[in-house]
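Both complexes shown next keep subunit A, but they swap its partner, so subunit B is in the first and subunit C is in the second.
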Partner chain A sequence: MATRHKPMEYKGKTIEFPFDNPAEETIPDSEVHEHLAKPTTERTKRLKGRCRWKHSAGGEFVEGDVKAGIERMRLITEAYKTDTGKPHVIRRANLLDNLLNKCTVIVQEDELIVGFNAENPNFVPLYPEQSYMACMDYILDPKIAPQPVEEAKELAEYWIEHSLQKKCETYFTQHEIDVMYSLTTFEVPGFAAGFNSVVPTYETVIEDGLLKRIELAEHHIAAAKEVLGAAHWNAPERLKLLPQIDLWQSMIISCKAVIAWARRHGRLCKIIAENFETNPKRKEELLKMADICQRVPAEPAQGLWDGLQSKWFVFLVLHALERYSSGFAHKPDKLLWPLYKASVIDKSFQAMSHEDAVELFECERLKISENAPGKSKGFRSVFPGSNDLFILTLGGLNRDGSDGCNDCTDAILEAARNIRTTEPSIAFRWHPKGRLKTKNLVFQCVRDGLGYPSIKHDIINTQQMLYYAQFSQNNNGATLEEAHDWVNVLCMSPGLCGRRKTQKTRSEGGSAIFSAKILETTLNNGYDWSFTNTQLGPQTGNVEDFKTFEDLWEAFREQFRWNIDLCIRAKDVSRYWEIRILENPFLSAIDDGCMELGRESMELSEQPNGWHNPITSITAANSLVAIKKLIYDDKKYTFQELIKALHSNWEGYEEMRKDFLNAPKWGNDDPYADEIVKDFFEDFLSGEMRKITNYSGGPVMPVGQAIGLYMEIGSRTGPTPDGRYGGEACDDGGISPYMGTDKKGPTAVLRSVSKVNSHTQKANLLNQRLSAPIMRSDKGFKIWLAYMNTWCDFEIDHIQFNVVSNEEMAAAQKEPEKHADLIVRVAGFSARFVDLSTYAQNTIMARHEQDFEVKDFEYLGVEL
Partner chain B sequence: MAAGSYDMIIEPGTTKACSGCKWGNADFVNPLKGNCVGAKNHMGGIWKRMIMDYYNTTCGKYEEGEVNFRDHV
Partner chain C sequence: MATCEKCRSFYPIPEGEDDYAEGKGDCVCERKDAKGKWWDSKPVMGEATADKCPDYVQKK
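This part shows the complex of A and B:
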């Protein structure tokens, strides 16, 4: 039987908590999530049933059929080898042209949106031009190697000398490379890991169409040639036009290639319809799809179906074919609103009902669920239970200050709630003006345990866009209006969206640094005794000699500074070479800034957006609190004793461990702990990062989060002074209290977190787990809304939720085959619980399930 | 090296290399290096160790087979 929340006495009344859905009274706690999926149509039910998930865990693909494809490697190599002597940006365009012209085109049964990134729906493409080691990982593993493997090996070896990785490695010492590649104090640089992100300017494709972009580029070339030929040759002025002409030419090549490739899908749809399809309804659909693919993305989209197909083609090119990029960064409720209006409200083009629109969005969700790149083993490990990071953004305000929520927002949320997939995740921009109807849908997704939408504070993040704008190197940063157009670039950090000024590479912002591991090396004079057994950081002294807490703080600062400097240097060295050998002609073609100024997407940066992700910060911060309390203030232990205990993994020092475990912890509105942690975030993480100036001329700011790295780094970090054992997971996100230590209730957590000034940070992930019986009751929305309004008033950047019982998770551990629909929030992404390792599952179960008490209702001012 | 000992030793050409061991995992960046996932703390958490030479290192815990993804981190 289901567990109802016990009644409470509140303001003189007995408050009961019956389930919002009365049918749930008889559903056992252990299987709630299996009853929640309600696909809108039989079609989306079928599509979900046969979805070729590409979830990974422990570095392996969960489904056995998933392998690397060879087609992309083969076709880009073929073009690159025959194309020597041309300007490099043209070579990159021809590489895309050859790939799109010859690659396998796939149309699957039941689909309404077509297009795939590899030659087989079970395959993932590889990117030898980026990281040779990431390719080698696939080639050496017979379970997933591309076939024929000997050919794949040859292709990968060809690219070693031409790869981004090889170019960048030259600028570092061997020690620096060893540290960078060890995945200990910070994340492996993108040039070696192959991980990347982009915010595509979908708007220009949807609004203009690619034929118009070609016309613009042709116009620029003509104008440039006129200048070249003008009287009184001026070399310093006019020679600058040569690379611009090359770039515009490459834009034309790439746009034509994408148009032709889209039309190949159209022809295939027509062939199937006319020669193979026997179902008249499906035949009609295929012919409509053929027409759509013929028109978009060549022409502007006119209806919602057009828009989704056009967007999908652009997504595939920019996230998988031209170059690999993680993400699904865009704001579809703004992008697609005119098309939703045309189709659903005005019914002037591709007339459909709201339910038809929901079905289309469910189809899109399932396309994303089948899509995955050939990521390195590392990244297959740190997004366990998911394919990759796909996060779209909804809500917020429009440029004119009006509410950005609309019926299209609702359709997207309904689709997410109905179909229940881990991807794409959703970020919802919370503003007090946001309409209640949409917020209720957000609540329903959260209550149903999807783990998304994660919620971002709209005002704080809009202001942040203006802050970064002041550093624009061409004085063209975000205007007041443009600052309202922002999305999560990946899971947490905001960046502009729109027709230009978007973030084009992860070298601008992204990648991680691990505070807990850096603290561990600080305690050992820069040495890593627990994983690599090597000297990782600088020698900052023996902790036994530190007379004051400030001595320790400054030693830690020096370790952190050394590591963060190396991190950002690695990103900017990568950027230097991305400009020269990883140009993206198609990405440039659809950006108004690149088009107007004749500057390539990797090179042009109108809106700085520098950031780096501190991960495992709370493990480090709680450790500092415990050290200050027990060694420096109470003087109960010495550093000598602590180091011995840590090197013994607390064995023989159990009482001492209890003292360190019970020291004040973050997340309980405890002034002792909170003051030190506030300093840690503001003075330390933010203070040190902001001393750096990145490629775009702006500061770097911290984005506290975790993805699955809190587990991976936990397994590479020995015992820590917060009482943690060696190998245990670290804290699960940004500013989230350590699992199980936030014991003073949900409002105490908010009070702690609110003490850190959000304007000193770029973002901070706050994971909370809320009582399932409360959230599923008929009072759930009211209580949650009051909680969220308080969160908003506190000016906290972010929050996201798990709503799931330990009974259900324990049942899923025992019988995973019966719990395919159980989804949990890990960190910046959601995962299918049964596709997680036991280690990962246990970290979710260890998170404290926050119950609401009378004191919380009083604090929130809820009327029940 | 004692049987059952986790102490790693480099033994070029060994037939019991970490690369063939159940508990060995290729490194995330350089597949010529590796991680050992065999050591667990008493709470069940996996405490990894880096293997500098994946194909020529061994230890007393060598075991053939594969680890299910559920037993990884």
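This part shows the complex of A and C:
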């Protein structure tokens, strides 16, 4: 039997909490999530049943059939070797052209949206031009190595001299390289990891079609040639046109290649229909798909099916073929709304019902679930239970200030709720104007334990787009209207979407720095005693000599500054070389700014969007609180004693550890702790980072989040003064209380977090775990809505939820095969619980399950 | 000698297609594994030798 929440006395009444769905009364707590998936059609049920998941756990692929393909490596290398005399941007276009003309195209049974990134649906493609080390991870592992392995090795080795990594390493000392590659105080730089992200300008393809983009490029070339040939030659002015002509030419090559590749899919659909398929209904579908692939992305999309197929082709090219980029950043309810309207409401093209639309969105979710890049083992490890980071964004306001939620938003949310896949995750832009019907669907997804939508404050983030716009180097940052068009670039950080000004590379924003580990080195004069056994940071003095808390604060600040400077320098050095050797002609072709100005996508930055992710910051901040309280204020211990205890991993210092563990902690509305944490976020993290100016001319701001690094880095971080043992996981997200230490209820967490001014931060992840019996009750939505309205009034940037009982997670640990549909929120992504390591599972279970008490209801003002 | 154009999997690319070239075709094969069925297509030239191709089946 299911556990109902116990009745409560509230405002003179006894409040009962029966299940919203009475049928749940008979379902044991330990298996609720196995009864929630309801694929909309038999097709999507079959597609989910046979989904070729690419999830990884502990850095290994969960499913045994997954391997690296060789085709992409082979075809890009072939083109690059034969093209040596041409301008580099043309070589990059020809590389894509060779790949798309010669690669294998695939159509799977039952699919409505076609296209894949490798030669076999079980494979992942590799990117030797981005990272030699990531390729070697595959080549050296016989289980997943591309075949023939000797050829793969030769191809990877060819790229060493031509790779981003090799070009960038030149500008750093050996010590800096050692620190950067040790994954200790910050993430390995993008030039070595090969990890990237992008916000594609899908709008131009959906609205214009690629033939129109080709026409535009041809027009620019013709106009430039006229200027070149005009009277009174002027070299300083006109020679600038030469690289622009090359760029426009590369755009034409890449757009033509993408059109031809899409049409190859159409031809394959037709061949299957006419030669293999016996089911007349499927034959008809395949012929429709053939027609769609013939028309899009060459032409503008006219119906919803067109739109989803066109978007999928562009996604594959920009995230997997031209270059690897993580993410699924776009706002589909805005992008596809006119097409949804044409197909579902007006029935003017590809007429379909709302349920048909939901089926298409379920199909898209399953396509994403099968898609993975050849990420390095390190990056597979830090996204446990997922195949990559795929986050789309919904809701918010339109450009004119009207509610951005529509029936297309609802269809996307219904698809997510019904099919239950971990990918893609969803960010929902919460605005007071947002319609209740859509917010209820958001709630249903949260209540059903998907861990998403993760919710972002629409007003704060729209204002942030305007803040960054003032630093635009060509005075063309976001306008007030454009500022409404923002999405999460990856897990947490907002960036513009639309026809231009979007973020094109992770060297602009992304990557992590580890506050707790830097504090540990500060306590040891820059030395890392617990992991690398080396002098990592500068010598900032012996803590025993620090007379005041401010002395410690400033030493820590100096260590942090040294590390963050190195991080951002590495990103901008990457950018310098991305401009020269990793041009993206197709990405440039579909950006209105690149097209109009004749500037390549890596080089042109109209809207700065600099950020870096401080991770493990609450572990660091709670440690500062404990030090201030026990060493400086109460004078109960000395630094000498603390350092000794830490170097012993608290062994022999159990009473002392209890004191440090019981010191005030973040997330309990405790003024003592909260004041220090507020200063840490505003003055220290944001204050130091904003002194930096990045490639785009804007400041770098902190995005507190965690991905799976809170575990990975926890294992590399020694014991900390918050009472944590060495090797234990650190805090699970930017501004989230440390697991199990938020004991004063869900509204106390909001009050603590609201003390940090959101406008000083780019984003901050807040994980909350809410009581499953309350959320699943008939009062669930009302209570949650009151909680969310308070969250919104507090101007907190973000919040996301786990709604799952420990009974169910414990049952899944015992019998994983019976719990394939149990999903949990890890950090900025969700994962199938059974795909996580026990270590990771335990960190989810250790998060405090917030129950609502009468005082919370009173605070929220909820009527029950 | 077995050549691609003699194979059952060879489908000539119609004139007018973006990637049309004389003698060029799509090599289309049906595949199956424990998870299901799919079809793949690779461009080939009709006169290419197919003696060692594991998918080669003479056209009837």
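To be clear about the criterion, the second predicted complex is superposed on the first by the 864 of 864 C-alpha atoms of A that agree within 3 Å, B and C clash if a C-alpha of one lies under 4 Å from a C-alpha of the other, contacts with A are read in each partner's own complex, and residues count from 1 in each chain.
Everything below uses one rule, namely that a contact is a pair of C-beta atoms (placed from the backbone, for glycine too) under 8 Å apart; a residue touches a chain by one contact, two chains touch by 3 or more.
The shown structure was predicted, so the numbers you read here are calculated from the model rather than taken from an experiment.
J.: Record, for the superposition on subunit A, whether partners subunit B and subunit C clash or fit.
T.: Fit.
J.: Identify the partner contact of A:Val62: answer first if only subunit B is touched, second if only subunit C is, both if each is, neither if none is.
T.: After superposition on chain A, A:Val62 lies in contact with subunit B alone.
J.: Looking at A:Gln309 after the superposition, I want to know if it touches subunit B, subunit C, both of them or none. Which is it: first, second, both, neither?
T.: neither
J.: On the A-aligned overlay, A:Ser381 touches which partner chain: subunit B = first, subunit C = second, or both, or neither?
T.: It touches subunit B, and subunit C stays clear.
J.: Just checking: does A:Asn101 make contact with subunit B only, subunit C only, both, or neither of them? Give me first, second, both or neither.
T.: Touch status of A:Asn101: second partner only.
J.: Can A:Arg263 be said to touch subunit B (first), subunit C (second), both, or neither?
T.: Touch partner of A:Arg263: subunit C, not subunit B.
J.: Between subunit C and subunit B, which one touches more residues of subunit A when both complexes sit on the common chain A?
T.: After superposing on chain A, more of subunit A is contacted by B.
J.: In the superposed arrangement, which partner chain does A:Arg52 touch: subunit B (first), subunit C (second), both, or neither?
T.: In the superposition, A:Arg52 touches subunit C alone.
J.: With the two structures placed on a shared chain A, what shortest C-alpha distance in Å links subunit B and subunit C?
T.: Distance of closest C-alpha approach: 23 Å.
J.: Sort out for me which residues of subunit B touch subunit A in the complex.
T.: 25-31, 37, 39-50, 67, 69-73
J.: Using the touch rule from the top, collect the residues of subunit A that touch subunit C in their complex.
T.: Going by the criterion above, the answer is residues 50-52, 65, 101-110, 119-122, 256, 259-260, 263-264, 267-268, 271-272, 275-276.
J.: In their shared complex, at which residues does subunit C touch subunit A?
T.: 11, 13, 17-19, 26, 28, 30, 33-43
J.: Report the residues of subunit A in contact with subunit B in the complex, numbered from low to high.
T.: Residue list for subunit A touching subunit B: 57-60, 62, 133, 136-137, 140-141, 181-183, 188, 192-193, 376-378, 381, 530-533, 649, 711-712, 714-716, 718, 725-729, 836-840, 842.
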